[in-house]
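Some structures are shown below for you to check.
Heads up, the next two complexes both have chain A, just with different partners, chain B and then chain C.
Here is the complex of A and B:
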């Protein structure tokens, strides 16, 4: 649970109110100045009317340099951030050729497969020469290669399900699968903090959507009872089927899903479960098999398991693992399988090699080392941040840790100051998070060494003091936090 | 009779008394100068009774919420449908497996075949320069980009690719998406919201339909590629509708429809759009790199200045032999998508090696425009050779690289049609080693155009490949369709 001090809430609201007032003032003057100029729309309605893009124009553009920073190297533990400059107060940003080497605390590189890897990259280059960069064809026509079939079997074996199906993009996996599984007359119950791709898929399916409180199996049970007893809206016919959608790790909170509770509720009420493991597959669990392994849930209890290859496997694309019948049904009806270009063969080979490394089938124990490294790194980093007095969210073992900032002015301050000291962090604000709860999100990787983490902690502590985000200081001891870290080193 | 008389007498007496009472002097009192007759008292009483009844609350049966026990029973009784319906007998699930690159010649299930199933229009699969640039990219950046564009997923090759495409097409800016199919269904909801009007062709493919559905705007379909139908639809929507000035209005068309192979007449569409003040969203996945003197797409083909088309989207998985998609237009159009397009903001960015492949492909097209002439001559040759195929007719445009063959006489049921076409495709593959495919439909697709055999012509095909295909197709369709 997020603890929000009362004073902080007041100051944050006041800041947003001030920004809103200034924005309105500038809009007013802009309207007066533009009334003189003839409109260049020539009878067409404007693309954005009135207040639709107020947030973009007046709030986001001021701090645009904190987002979308281009990089000039692989997103490994250290990378080169391209410097940009602006001549008109951040309205337009221009690239330069200068780069700065920074510590990467923002990319989804959980197991360190992002850059060229000694086992994966030679095999990827070989498959590129054999199959070329793309098959130019949909999967059902001429886009099915030996690599795709091999990967589907491997993914099914890795996750613990009978069969799997691949797609070229994680976002499309959710948006195109959910309509194929449930349609009008069905009910989708999704967690209130689910990702945009799930929301789009649920909306595109035509089924009724209800939301339950984040990570609260008791509220899920209430919603299920109410909905089954009430039936479809207006006609009160019984629902055709009910699907409950949850995620393994929620990317903005860093929390693990309460999966055993959710599964037991769903089993009791005969609802189907859909687990989106975009961030958790490969990153947690003793052998990297995700949140089911960590929480001791049998994969056979979850009806459909979805995941992406972008985060832990350093590639692109997504998969669905389920029983044989469901996968066959999806192969016949899912639009992303029938109409979308099949996954690029080098990307497929990268995932195959990455899974082989994780399972230890490449003949070394690099996989086991990476898995234990990311677990140690995450726990160490989180503990140290909490000891320093930051408000850090997320459960133990989760490699995603948001640090709360709250105040809108602290977002650019934290981001720019960290960049000045060569640490690259990601800051997130409205609309990806609630208005008052802006945060900086850290993603730990297995390729971070202990020295990297300590440097990151030093910089964050210094910047945290400057910016004033140590909301919950632990009792002061004789030695300061930074000195303690030097002792550990 | 004896009993009746006293009753009658009694009634008469009562009536006399009542009338006397009413005619009594009291009843004729004068209040404030108004005569009060007896009937006024009755009327007053009636009004009092009516007011009393109206003022009472109406009878509502008491609301009894379901008890816990009743909810338990309902939950126990409820039986869901199975998550997926049972698979129909004979449904084709297995797809042919390729064992080499999907170029003009490929290896399917162990045999070497001529490949007409890949949209490799410029023959760029296997091109040395592109593979070299990909290898350089892979060694420098790895495979994935590990993040969305807003959070350190923007790599300098993405920015190079965007500016390259914008320069090639002559537009101010462009934006890259990480998957071809997600481009159009992210662009449409970014611009069209609830209350807007969209006029779309009824033959658009599933991704466009999904985008239209997600946008929640009012969608009106016009007859496939029929300009008269489009004009009358536009006229109907804007006539007498003063509010139409303030609502955003869009026309959505594809340049080459992948469900039929027709080409949209862009010059007429632009004339209509300017007359009725609609914006045009043009989906150019199959015409980018194919149509036009130098491959710049439909606008160059018709000689329409590119500024007149508001939004152009295209997937790069066809002519450019890479993956991903792009959208281009004015600066306002492109900047708006960087924050409001869900497929751009919430998804990881395109792998860098595919972006460098796109840059190399566009470079190749600029340096070797003769490859377009090869493609066009191949299409023309195929049209000539297949014009007299027994039982099948070509329904696509003469310039379209997707050659669409339909059954001359449909059997009446789409499933039997599909079976016949699949049999033809299987036989052509098994007996003559030519790989062709039928157009497949998902049950979520609302397009009603007929299915057929789709041939993807490439600039890398030789004349002998084309003659092999045409002779094989003629032979097999003669044997399979001889009974129909």
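Here is the complex of A and C:
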């Protein structure tokens, strides 16, 4: 639930209207000017209709330099961003050889494993020498190394489930597993703000998809009751199975899922639950076991737990952890397991080492230190931002904090001004977020030191003043006003 | 707005509408922006051309007719490549809003606006021809296009299919 000043809502709508009007005007003139050019299509249909990519051509390309910036080093707390320039108003961008060292507030580097680590990196290099960079085969043929089986057992133990299965890509884990679990005649109920991979997987499965209001177990119950009573569309036969899909931390909101409420509703109506812990595994919870540990939910209550290795573990790929029967079924039916090349062995070793560090099995307490560091960092940063008057979303303990921008012009202003002051932030606009709710998303890492955070806060505060995004009253001013009143009294 | 110079806050709950082309219409401030925009365009026309207020309202009414007819009832599909497999590519924006539900608050508001504009323009021009005729055509076409019975109807196949 975001609160914005009414005037901001009006100006944001007006800005988008203006951008839309200008875009339509330019398209209109472009069509007139291009009417004379001979078409080289020769009877073929155009690849895309003019109206479909209107947003990309007229809005996104204008601020293209704020997205997709190439980096020239590992995404540690500080990294090198390649400078780019454009000669035609951002339609094409050219890289230069110059780089700037910037504070990294955008990478999902929650536990600091993205850069060289004293325990993980030597072991990864060893496994690279021993197993080489690619298995060049699928898991079922020759691509199942000792490391893969070791990691599957380790992940299952870490998460608290009997078995696990690995995939080479996090996005594919969702979009290939959901069709293998439920098909035509089944029902998928997913949270309205679920990630695109889940939406894609649900669409690709052929099952009926219904959406419930974000993080609202009461609405989930309403939707479940309505669907169970109604049955399949047209035939009204009972559903073959019902799966409810939620995420641990929603990456665009920074909010935690209301997992206990959702689990109790699902148990009542005998629906299966699928928890996507892409952003929460390894980053929250006392021992890093994710949202189940943080909210006190027994992992046995969640039927299927999914996660990725790209965020907290500094590697690539994803996993599914569930009961032995489900994992066995997936190993036999999921195309991402049977036809896709298996994970690269050094990447597998990186995850194994990272999990060992988190569990403390490497003989030190670095894991526990990292976990407490990221918790402290997130809470400190969020509190300071809120004190400065920014509108920051997300719950406490969550390392993802979006700062609301709203106006489309503030997106490039914030992004470019921060880069000029050597802080790299990620800004997100439509269509990843609703049209009016553009935001800058900060991801805090355990490798950020207190000085880094303070520098980040200073820069964001200065830029926030310039750009005008401090929508809430500054808390310090309130307390001094109260002090003044007390003095007068 | 608000007391002692504090801004007036509104809450923006995320709507459950999955169609990104229309969900922006469910946020607070949309109706006010629409009305303010019409009012400011009227002021602009009045200040640039120096005609009578009634003639300015007629100009606003006709421009509003042209623009809203084109964008609400003529253009089909979505202006961005949504991966919804083109389920909206045959629907105009009017047919997409509120998920195709008829007679919602948004639809009633959007139907009333052309009528109010028509009344203001006709009253201030004293119902004289030819402005009365043009205004009447504008309101007739717009209101008929917004009736629930016209959902997905293409008269004489005009504007049917890509």
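Note that the second predicted complex is superposed on the first by the 474 of 489 C-alpha atoms of A that agree within 3 Å, B and C clash if a C-alpha of one lies under 4 Å from a C-alpha of the other, contacts with A are read in each partner's own complex, and residues count from 1 in each chain.
By definition in this document, contacts are C-beta pairs under 8 Å (C-beta built on N, C-alpha and C of every residue); 3 or more make two chains touch, one makes a residue touch a chain.
Source: prediction; values computed, not measured.
Of the two partner chains, chain B is the only one touched by A:146; chain C is not. Within the superposed three-chain model, A:305 lies out of touch with both chain B and chain C [touch as defined at top].
In the superposition on chain A, contact is made by A:270 with chain B only, not with chain C.
After superposition on the shared chain, chain A has more residues touched by B, the comparison being chain B against chain C.
Of the two partner chains placed by the overlay, only chain B lies in contact with A:336; chain C stays clear of it. Once chain A of one complex is fitted onto chain A of the other, the partner contacts of A:48 extend to both chain B and chain C. In the overlay built on the shared chain, the residue A:326 is in contact with chain B alone; chain C does not reach it. Of the two partner chains, neither chain B nor chain C is touched by A:400. In the superposition on chain A, A:249 makes contact with neither chain B nor chain C. Of the two partner chains, neither chain B nor chain C is touched by A:259. Where the contact sets of chain A with chain B and with chain C meet, they give residues 48-49, 53, 56, 196, 200, 203. Residues 1, 6-16, 18, 20, 23-24, 27-30, 32-33, 36-37, 75, 77-83, 85, 162 of chain C are the ones that touch chain A when the two sit in their complex. Touching chain C in their complex are the following residues of chain A: 1-10, 12-14, 16-17, 48-49, 51-56, 192-193, 196, 200, 203, 211-214, 430-431, 434-437, 471, 473. Taken together, the chain A residues at the contact with chain B in this complex read 42-45, 47-49, 53, 56, 60, 67-76, 79, 81-82, 95, 104, 106-109, 113-117, 120-121, 124-125, 128-137, 139-146, 149, 168-172, 175-176, 179-181, 195-197, 200, 203-204, 224-226, 228-229, 238-243, 269-272, 303-304, 308-311, 313-316, 325-326, 328-336, 338-341, 344, 346-347, 350, 424, 426. Those residues of chain B that touch chain A in the shared complex are 66, 70-71, 74-75, 78-87, 91, 93, 95-103, 106, 115, 117-120, 125-126, 130-131, 134-135, 138-147, 149-156, 158-159, 178-182, 185, 191, 205-207, 210, 213-214, 245-249, 277, 279, 315, 317-318, 321-323, 332-333, 336, 338-340, 342-343, 345-348, 350-351, 353-354, 357, 435, 437, 440-445, 456.
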